[in-house]
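Structures given as structure tokens follow.
Shared between the two complexes below is subunit A, which has subunit B as its partner in the first and subunit C in the second.
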Partner chain A sequence: MTDRGRRALIWAWTLAVLVFLYLPALCILLASLTASRYFLFPIQKWGFDWWRKTFESLEIRQLFANSITIAFCVMVIAVVIAFFGALAFARYNWKGRTVFQKIVLLPIFFPQSVLGLALLLWFNAVGIQTSWMTAIFAHLVWIIPVVTLVISIQVYSFDPALEEAAFDLGASRWQVFREVTLPVLLPGIVSGAFFAFLLSWGNFPLSLFTTGADATIPKYLYAKMVAGYTPGVPVLGTVSTFGAALLLLGGYWLVTLRRRAQS
Partner chain B sequence: MSKRPPILQLKSLTKSFGTFNAVDGIDLDIAEGEFFTIVGPSGSGKTTLIRMLAGMEQASSGDIILSGTRINDLPANKRPTCMVFQSLALFPHRTVGENIEFPLKIKGVDPAQRKARALALLDQLRLPQNYYGKSVLRCSGGERQRVALARALAFDPKILFFDEPLSAIDYKLRKTLERELKDIHRETGKTFVYITHSLEEAMVMSDRIGVMCAGNLVQVGTPNEIYSAPKDKFVSEFMGDVNVIPVSMNGSRTITADTFDKTFTVAAIPEAFSKGHLVIRPEFVRFVTEAKEAENVLEGKLYNEYALGSRIQYQVRVGENVFIVEKLRQHSSTLRRDQTVLIGWDAKDSILVTG
Partner chain C sequence: MAAPHETGKGLSQGARNALPLILFMIIGFAAPLLAVIAYSFMPPRSFGLTHAPTLDNYADIFTSNSYISFGWSMLFAALTVALLALICYPIAYGMARLFGRWSPILTLLFTIPLFVSENVRLYGWILFLIKNGVLLGTLKSWFGIEPESILFTPGVVLLGMVYVYLPFMLFPMTLGVSMVPNETREAARDLGASRWQVFREVELPLSMPGIMIGLLLTFVLAVGAIAEAKVLGGQTIIPITHDIEIAFTYAQNWPLGAALAVLLMIVVGTLVMLVLKRFDLDAILGKR
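Up next, the complex of A and B:
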């Protein structure tokens, strides 16, 4: 094959992968831009009507409030617990560490619907009313292991001599933590926070079982698809997807800015 | 050197891991202002020793006495000593200036004074003033070395410990930094305790050297004492290429080789000597044309020659035994491989060791 032919093939393949990855998000956007009540393709009449209607709905506002509250609480709790978990995972040598490393990661691979169902059964058995608060707990069961892993990656590249050096230069344990450990591990903590927020934001199976009468955006989307589709569903889907993407890009931008300011 | 009062005294200092003694009852006095180097192969316990001295490792038994006070139970952050780490441990999220100022910030020195001290240290360590705001990640190996030393000096420690900080640096730069470090030792007048696996490095810098093996100090002395009077086979071989012949003393007080038939003339026989090694440095072995030209002469075959910069090294095989001969390049001999040669040395240039 000629050099040119090979390059063309690589480009074509790359393009195919990109289309495959991003076409669904694009389709959701297209489906939301119709003026009619039902989804017909090609779109007969374009319009922003359903966007207006969606944003005016008090129900939808409540959904956003629920999803953001849950994701925010999950983020804060998960990052704190996972940070110390990651130190135990990657920084310190202790008896039982290898067992801990395996056990803590296992929940990532549990089927989430089974995990949700199990939690629901337990909440009922113990007599806890399910709501957005029980959903936070359910999300944490799955998200803390993920965030532990994300932060551990940063901890692995952390030179333990940094802490020793700070300690040796007269710093107290707390000063070592505040001046060295925390700032050096900050990039890992920030990525962990993004993971926690976005995984909770998009989670469906755990929320389905554990939110009770409260609803989150993914749970609402599902309910509406089963019964009562309107183009308001793709509007919400688009906002949810692009909101997550914007958050990620914003975080990336902040990190780049900070890095540039340093050098 | 050792006439001055000791700043640091170790008394049967031991560190055990289970039944294994990594440091096995070390006694040592280090004088104030001294540049003392502990040298030993990896696994000899030197890192464990210096970590105990700096307070990063708890001693199992024995005493560490600093200026007359036992400091065994003092944690590292309460000891008036400071260590330069092998990895240097510069804070990657801080600038050069912030790294140097770190110990001052911890002590609560005000920012203006901190900066003035950091700039003075940059100057002392031969780093440009505009490095103050530079990220440590953008510094070269040699510069990082200087920043680490500046940070340690900012702490103003009574003793500075060094844990092989030059081991990851290429040869040429290492030679420069060794000299700089010795100059800085002179300029600051502080006590330096340095560990390395390179005796060559120890020789260049130190006032005294302690050779460590299997948790023990085998020999302590000035570089010259270690070089010219190694205590045993381990120390003499640790010095680099050297000729070592296993020998025994027979009834008539003559020294004979264990593995081949030869009697040697030696300058002195240590008391109670029966078995040991005869050590001859390669620069004291020379090619001779007749047996009477040297007090000890062996016949062998030239196997190979190696160029070592200013010197040339020859490998001569005497039966099963390998001997090395070194000559300055300008005095090099024109010899063919497999040529039969006579090598010889005088009694005063050989050392008889017990171990």
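Up next, the complex of A and C:
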């Protein structure tokens, strides 16, 4: 096969897989725009009724509030702990580093549903009632390591000589941190924050066992799905899909703008 | 780190930065796992940790048919991993070699689904495959044919798993493939190696670290999968995670669920340790 033929084949395959990835999201969008109670394709009557009904529901507003609160808290805590974790992971050469790296990876390489159950048992054993706060804790166990890896990739490309130079010029530890380390690592921190927020926003296996009475959107959707069809499910599904897409594309756009402004 | 900046209170700079994370992992990861192990030795249907330890739960498991669920989970995880390796390799190759300036935007497009809850995405497949859904509805109105829906069969569970875990295979694999230096590949070609030889002798071994991470990650996630069989499979397949969940919820037999979880943890843990031990993470993640 010629090089061009092979190239075209790989392109075609990649695009086909992308279609495969986005096909369900498209179906959900179509279903949310149906006016009738049940989803029948081709759609006979289109309408925004279910969108209106969904957003008028107090229960759904509460779900949004829960999901956003949890995701926001997870983001802030995860970024702070993971930032220092990433420095230990990639920046400093210290004795326990290789062991530390494996410790960071373990929760990622662990079935999340089992982790959720383990945390439920643990909360029960120490006598903590599960709620949105325990959900934050549970999300952190999985998300801190992910964010640590994301920031670490940035730290690997960081040149320690920059810090040394600042120290030699008489900067204090805090000044070096604020004026050198933080700005250089900022892109990694920002992408880490995006990961933290979105992974918490979409998490289901950990939330299933650790949110107690405070449901999140994925948990609520699951309950509704198993129980049967309601058109509110596609509406919420569409919102969470497009919300994530918009947030990521927006972030990507900001990063490219910044890069252009710099060069 | 240069010596003058060390404050030297016993802990090295690296250890001090690692400390918050390590403490968090002790109370958030190690302690819960110990709790699971402790519960697995409690008498069946008890809820506290104060009883005398017993091996009853493990005995129950080995006399029950949980091994069928175990088998399903392992089989489906293995199939998922094999299919994903075949599906993702050409894409990873394209990302690392061919797509050039399109690579970032394609990466982004592959990332977005990662952040949407898996059950939402699986739900889309239900709408696509269900009777009178997008696929069958279209076939019916355009061609007048009405095939049976394939929903709620084992094949669809596999489809769902492949679909959900695709990014987890793709990204480590791309990382791996981009670790192969172009010069090495060209040198092999110049020395007269065929395309197949280059692939087998150069490309594959050198991108192995990334590929192995992808295989391991998807296997572990797929073994822990719970939503696919429930949402798409309609209980035609009972994975081990389902047994565990049942023990914790309907059956109210926490110690049995804990014992099942311990067995799963042993399998997964051994695998992860074996694979991770062999790799230098600095090299994979791009230390310069």
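Keep in mind that, in the parts below, the second predicted complex is superposed on the first by the 248 of 263 C-alpha atoms of A that agree within 3 Å, B and C clash if a C-alpha of one lies under 4 Å from a C-alpha of the other, contacts with A are read in each partner's own complex, and residues count from 1 in each chain.
We adopt the following convention: a contact is a pair of C-beta atoms (placed from the backbone, for glycine too) under 8 Å apart; a residue touches a chain by one contact, two chains touch by 3 or more.
The model shown is predicted, which means the values in this text are computed figures rather than measured ones.
Engineer: Return first, second, both or neither, reflecting whether A:V180 touches subunit B, subunit C, both chains, or no partner chain.
Structural biologist: Once the two structures are laid over each other on A, A:V180 reaches subunit B alone.
Engineer: Figure out whether A:V104 sits in contact with subunit B (first) or subunit C (second), or with both, or with neither.
Structural biologist: second
Engineer: Would you mind checking which one, subunit B or subunit C, touches more residues on subunit A?
Structural biologist: Per-residue touch count on subunit A favours C.
Engineer: Can A:E164 be said to touch subunit B (first), subunit C (second), both, or neither?
Structural biologist: A:E164: touches subunit B and subunit C.
Engineer: Tell me which partner A:S172 touches in the superposition: subunit B (first), subunit C (second), both or neither.
Structural biologist: Once the two structures are laid over each other on A, A:S172 reaches subunit B alone.
Engineer: For A:Y156, using the defined touch cut-off, is the partner it touches subunit B, subunit C, both, or neither? Pick first, second, both or neither.
Structural biologist: After superposition on chain A, A:Y156 lies in contact with subunit C alone.
Engineer: So, does A:G85 touch the first partner subunit B, the second partner subunit C, both, or neither?
Structural biologist: second
Engineer: State whether A:I128 touches subunit B only (first), subunit C only (second), both chains, or neither.
Structural biologist: The answer is neither, since A:I128 touches no partner chain.
Engineer: Considering only the contact definition stated at the top, list the common interface residues of subunit A for subunit B and subunit C.
Structural biologist: Shared contact residues on subunit A (touching subunit B in one complex, subunit C in the other): 164, 167.
Engineer: So in the complex, which bits of subunit A are touching subunit C?
Structural biologist: 7, 9-11, 13-14, 17-18, 20-28, 30-31, 39-42, 80-82, 84-85, 87-98, 100-115, 117-122, 124-125, 137-138, 140-141, 144, 148-149, 152-153, 156-157, 160, 164, 167, 173, 198-199, 201-205, 209, 217-218, 221-222, 225-226, 233-234, 236-237, 240-241, 244-245, 248-249, 252
Engineer: Would you tell me which residues of subunit B are touching subunit A in their complex?
Structural biologist: Residues 54-56, 75-77, 79, 82-83, 85-87, 89, 91-93, 102-103, 106-107, 135, 138, 151-152, 155 of subunit B touch subunit A in their complex.
Engineer: In the complex formed with subunit B, which residues of subunit A make contact?
Structural biologist: Those in contact with subunit B are residues 159, 161-162, 164-172, 175, 179-180, 183-184, 186, 262-263.
Engineer: Quick one: which bits of subunit C touch subunit A in the complex? Just the residue numbers, please.
Structural biologist: It comes out as residues 1-2, 4-5, 12-15, 17-22, 24-25, 28-29, 31-33, 35-36, 38-39, 47, 49, 87, 90-91, 93-94, 98-99, 104-106, 108-128, 130, 132-134, 136-138, 141, 163, 166, 216-217, 220-221, 223-227, 230-231, 241, 244-245, 248, 254, 257-258, 261, 264-265, 268, 272, 276, 281-282, 285-288.
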